[in-house]
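The chains carry the letters A, B, C and D, assigned in the order they are written, with residues numbered from 1 in each.
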Amino acid sequence: MSVGLEHYLILSAALFSIGFYGALAKKNAIIILMCIELMINAVNIAMAAFSRYSVPVLLTGQVFIIFIIVVAAAEVAVGLAIIMNIYRSRETTETDKIDLMKW
Amino acid sequence: MATDYIYIALFLLAAILFVVTTLLIPVTLRFLKIIPHNPTPVKGSPFECGVETIGKTWVQFNLRYYLYALVFLIIDVLVVFLYPWAVNIRHLGLTGLIEMLILLTIVTVGYIYAWKKGALEWK
Amino acid sequence: MNLQLFIPELTLAIFAIAVILLDLFVQRKGVLAGVSVAGLVISAGFTLTMWGSEPQTIFNNMLAVDSFALFFKLLFTGIAILVILASVDYASKLTNLQGEYYALVLLSVLGMMLMAAATELISIYVALGLTSLSLCALVGFLKDSKSSEAALKYFLLSAMVSAVLLFGMALVFGVTGETQLSKIAQVIQAMPLTNITDNPALVLGVVLLIVGFGFKIAAVPFHMWVPDVYEGAPTPITAYLSVGSKAAGFAVILRIFSSAFGLPEWLSLNWGMLFAVLAAISMTLGNVVALPQTNIKRMLGYSSIAQAGYLMVGLATVGILPTADVLGQSAILFFLASYTVTNLGAFIAIIAISNKTNSDLIQDFSGMIRRAPGLALALTLCLVSLIGMPPAAGFMAKFYIFSAGVHSGLLWLVIIAVLNSVISAYYYLRVVKVMWFGEPTSTEKVFSSGALRFSLFITSIGVLLLGILPGLVMKLTEAASKMLAFLP
Amino acid sequence: MIASELIWLIFLLPVFSFIIVSLFIRPSVKPTSKIAGYITITAISASLVLSLWTLLTVMAEPKHELAVPDFSWLTVGDLTIRIGLMIDSLTAVMLVVVTVVSLMVQIYSQGYMHGDPGYHRYYAWMSLFTASMLGVIMANSLLLIFFFWELVGLCSYLLIGFWFHRPAAANAAKKAFVVTRLGDFGFLAAILLLYTNTGTFNIPELHEMAITGVLAGTTLTWAAIGIFAGAIGKSAQFPLHVWLPDAMEGPTPVSALIHAATMVAAGVFLVARTFPLFVNSATAVTIVAVIGAFTAIFAATMGLVMNDMKRVVAYSTISQLGYMMLGLGAAGLALRQEGHVTLELAKAAAAIGIFHLFNHAFFKALLFLGAGSVNHATNTFDMRQMGGLRKVMPWTYATFVIGALSLAGIWPLSGFWSKDEILAVTWDTQRVLFTLVMITVLMTAFYIFRVVFLTFSGQYRGSDPGSHGQEHDHTTHLHESSPVMVAPMVILAILAIISGFWNITGSFDAFMGHGETRSFASGLFGIFTHPLPWIALLVAGLGIFLAYAIYGAKWLSAERIGHIFRPLYIIFSRKYWFDELYENVIVKLILLKWVFAALEKIDTKVVDGAVNGLANTVRTIYRIALLNGIFDILQRVDGTKIEKANGVIKEPNKNWWQVDGIVNVMANGVTASGEALKKTQTGQLQLYGLVIGLGVVAIILVLYFAG
């Protein structure tokens, strides 16, 4: 048996789910951020696999991935800035302690 | 095909065996009374790990590091675009060069901005 | 490829950079607002010159320049101008950060413009990223604990959702092997599928796309961020979020769903009904929860959820009617236009009032009619328009979109919607009642800057104009929606 | 012959005066100057002249219709909405009524509102009201009518709450607005229903379809009922009657114009306007007749016992509106009995009801202005504080009595003629209803003359009226009102006498489309060849006599009688406990049940099922949230928590919730669930994320099992 498209997809799906679970279950904002990055990279895997298997000649998927990486990097930058900000004002990054606004 | 997996399986087996044996050896030696058993605090202390830690083991990194991380991150991402451009710069020709220059100017503006705002000072 | 089709966006980008650099070297920060408004006006002017020309595409089919995109570009520039005018008092408080503020507004407008123009998954994603990141920064701009909490929530959730959206895009790309919306459409229509269960991957992709953009337009159940973020963000930015990013989200949804997934029937009918259900839930929940709110920004947050519900009636229509019939699209555009003027007006009035009272609690608006008659009157007009009572714009918008719903046979949905707008009358009128019949908390008058009063005047005129002579704008919206049939 | 531009002007003039007064006069001129009043009066008198001209032109027309070119307002996809005027005999009559009464009231207000700080605001809203009322009358499409219909409601809201510093006024305004909106909802539904079935809003087209049977069956019935719901709301008919008495918190001229002569009559007008839709559905017509008759007697009973002069007149308004509805319904039934319904006949059938509307407008406005004039002198509406005013204010007394006689239906005043027609047609169709309204005639005569005697005869019982006024802060002493207030009353009195003569020769019926004319004399006296008028006159006379015996000559002591009929008295004076009924019973029983069940379901099914396995914290948060929600509901439903529930508004807030009736049921119910759902917004970022995730899962499941 050979390693086919579905293996990559299963891998990416698993990573994605792990990331999503972490994003919901972890409390520390930075770890949540990491989990989100994990989700995004799972998508990258899927992209690469699709691109390789469904349109072998083109590089659409890979190009897409490059853009995703860039945007993700910018996202991390903004995210870290915001987290720093909230740490300055609250002395914590535990998301369950950050509920000033509700109801 | 299946044969490849057999190799992998063998490697796996070997690795597990190695770990298990290395764990078992001292236990057996102790069991056979080959090595003595008289623990002292010195022995109990971490072995060959430099000086003992003082204060909390969990150190928080200074916020400033994050600041550098941000600046670095932004400028670093540039490479993602530079590389594919460099690979077929000939094929892209003048327009490619111009576009890349635009990109560089934008990043430079960001750099100047960070500089002027004193993001690079260690205050 | 000719760049002059791209000039409006370029102008904005250049001006954004210019504002940042100016901020570094100029001491009198007041200039910056002027510069950025000038930039917006110029790019709007360029956009106007393109109106009515043949639809074209640039950057090998990544962006379309058609009257649909142009309509939204005009809308966004208009929004941004009003928001900046409204922020002048506000921004003068944050002395050394004004440059960033205006630059970020410009950048987010740029992102929204690209979103409206994008006809291809990659460009859509990049535009989305640009928009939401600059919005995140703006939401957290005050750096006090409320604002930064709002920013954190908005950022983490939108990042989460954008990952989900990406997964959806990946699936669609994987199934069709294309990122061009038009090509995707061709591939899907070529597929021998008759039922939704035939190609789970595709359907899952579509659903995830809906999730991604449902978050942007604040549709239940992707709405939870709205109240908190609206409450925490600086009020001008709340106004901006409530109209700008919602409109942008609808622009992209319309683009994707009426071109890429507009056919075949088995697909379009299903997402049409899906939107119909979401619409019903959103409007009901939004209106019901808005009732007990005590903070007016929060209340308007829930009301914007409800309004998203009304708008989605139009989306359902788009799905159900045949692609040639653009009644739904046109209704959505008109609703967006009128909702924009109305909500901006309401928020600007609130900014003007709470600049003075430093409070967003409804009870502190008590007796405003005597402290600030002009502001209170304008706010009343906007609230009446939000209720959807003639002669304000809201009535025509609701009427248009509901008649579209009826036209596509969604009578049940329209009935729910009408009932909802009856409910909504309560909480809107509550504010009116407090302002007109309440005892003023203090006797001193509330004054506001010329820029604020000017923008408020513009929006009020807009509300009345759209309500009394809707024909003018409806022509534009119909012309714009016709473009959705054109596929690059 | 009148030019169509001039017809447009009828509607536009008040609009202009509204714009001028609100935009230019109000900010610049100080409220003591009377300029705003003059502008408004000029505008309205101009449109009165034009309306008279229109009336004459329409009379001259053979088919009593005027074709006014319409223009397209906006084009939505395949639907084009055209704005146009519908000028037929009905419109012409209503135009005259509205402009005349409005003009009279504006003149009167020059005296009545003089020196009020809100003087300009008052005239601005008054012009806007007149404009939109004229719009309702002249519009030729249901949509347009709805548009102005809402505007009229808005104006009445603003004018009832005119003295907003009085919480009572503010709440009455709110109550009126919301209750009428309930009816409007039915109206809107009917419009949508008609549009989906016929694709048009245009009234003449709808008439055609209804008559030719294109539009028939349940659709027609439901549409008619929906429209009637709107009418019920505006005309304060039986289930939604609760707002009108409270609306008396507004300035008296407002009550005279809006809540007596014009706006409340808009409901009747609407039914008349769409009458061809009604006549083809037996159910609809019957409902109209029954509701009308019931409201007539129902309101009259409450009018018997009120001590507030103005409220008595208000209840009599409700009861008279009931008469008009009955007139319409009964005429419709009669038409159906003859069979063979043509458009002309259907339109003509409305004549009876409209004729009563026409007369009622004048004498009821007169009565209100009289009450206002009395209040102007005594600073109160409480009749126990009055008496013996006949000598002090002879003009008011004379005119008021004329109005009262006309209301009681005494020959040959206007009330007699129209009421007689209604009685006659009811006698032919529905004997049960006939007996009801006959009793009502008795009560009407009794309560209105109770007012007359209590107010004007005997000795003055009030305390020294130098104290601060109820409506006016400047102190007064007993005096006849100024000529500017008396003159309109006199004019209205003359109208109240003669307006009925129009139909003595049957020319009104003929004008409305159908009916044979007779000579004046034969009309004036020949009517007594039937027994009915005799009975009616006798009954009315009996009522007046009773009133005189009790309150005038004091042969019978009111207390004793009140004692004998104590239970009845309590029932009437507590208004049949309607508000309490609406408030408590319905809320407690219905609401509790379903909201509870719903929330339980959410809690168990959705939350547990979904949250299981995932972060426990989330679940507990959510649980607590929902429990709080249910708790809230419990407290809210027995009202212990209402104030806190929206600590939104400090003082007025409590009152805002005491808007009683159906409003409370809905509002409480919705707010309760709102409170509950609100608690699910816990501010926990990750709950939000979780909800998104669950949303995705739910959507996919739905798509697979439903799709």
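To be clear about the criterion, a contact is a pair of C-beta atoms (placed from the backbone, for glycine too) under 8 Å apart; a residue touches a chain by one contact, two chains touch by 3 or more.
Source: prediction; values computed, not measured.
*Asks:* Could you name the chain whose Cα mean is nearest to the mean of all protein Cα atoms here?
*Replies:* Answer by centroid distance: C.
*Asks:* Please work out which of A-C and B-C is bridged by more C-beta pairs in contact, and write that pair.
*Replies:* A-C
*Asks:* Taking each chain's centre as its mean C-alpha position, how far apart are chain B and chain D in Å?
*Replies:* A distance of 79 Å separates the two centres.
*Asks:* Whole-Å distance, chain A centre to chain C centre, using C-alpha means?
*Replies:* Roughly 26 Å separates the two chain centres.
*Asks:* Where the centres are mean C-alpha positions, what is the separation of chain B from chain C, in Å?
*Replies:* About 42 Å, centre to centre.
*Asks:* List the centre-to-centre spacing of chain A and chain B in whole Å, with centres computed as mean CA coordinates.
*Replies:* Roughly 19 Å separates the two chain centres.
*Asks:* Give me the residues of chain A that touch two or more other chains.
*Replies:* Each of 20, 23, 32, 74, 81, 88, 95, 98, 100-102 in chain A touches at least two other chains.
*Asks:* Among the residues of chain D, pick out those that touch two or more other chains and give their numbers.
*Replies:* 678, 681, 683, 685, 689
*Asks:* Where does chain C touch two or more other chains at once, residue-wise?
*Replies:* 152-153, 156, 160, 164, 227-228
*Asks:* Could you tell me which shape the graph of touching chains takes: line, ring, star, complete or other?
*Replies:* other
*Asks:* Once the touch criterion is applied, which pairs of chains come out as touching?
*Replies:* Touching chain pairs, listed by label, are A-B, A-C, A-D, B-C, C-D.
*Asks:* Which residues of chain B touch chain C once you look at their complex with the stated criterion?
*Replies:* Checking each residue of chain B against chain C gives 106, 109, 112-113, 116-117.
*Asks:* Considering only the defined contacts, which chain A positions touch chain D in the complex?
*Replies:* Touching chain D: residues 20, 23-25, 32, 95-96, 98-103 of chain A.
*Asks:* Which residues of chain D touch chain A in their complex?
*Replies:* Touching chain A from chain D are residues 614-615, 617-618, 678-679, 681-686, 689-690, 693.
*Asks:* Mind listing the chain C positions that touch chain A in their complex?
*Replies:* Against chain A, chain C makes touches at 121-122, 125-126, 129, 133, 136-137, 140, 143-146, 148-153, 155-156, 159-160, 162-164, 166-167, 169-171, 173-175, 177-179, 227-228, 231-232.
*Asks:* Which residues of chain C touch chain D once you look at their complex with the stated criterion?
*Replies:* Residue list for chain C touching chain D: 152-153, 156-157, 160-161, 164, 196-197, 203-204, 207-208, 210-211, 215, 220-222, 224-225, 227-228, 270, 273-274, 277, 285, 288-294, 325, 327, 330-331, 361-363, 366, 389-391, 395-396, 400, 402-404, 406-407, 411, 414-415, 418-419, 422-423, 425-426, 429-430, 433-434, 436-439, 469-471, 474, 478.
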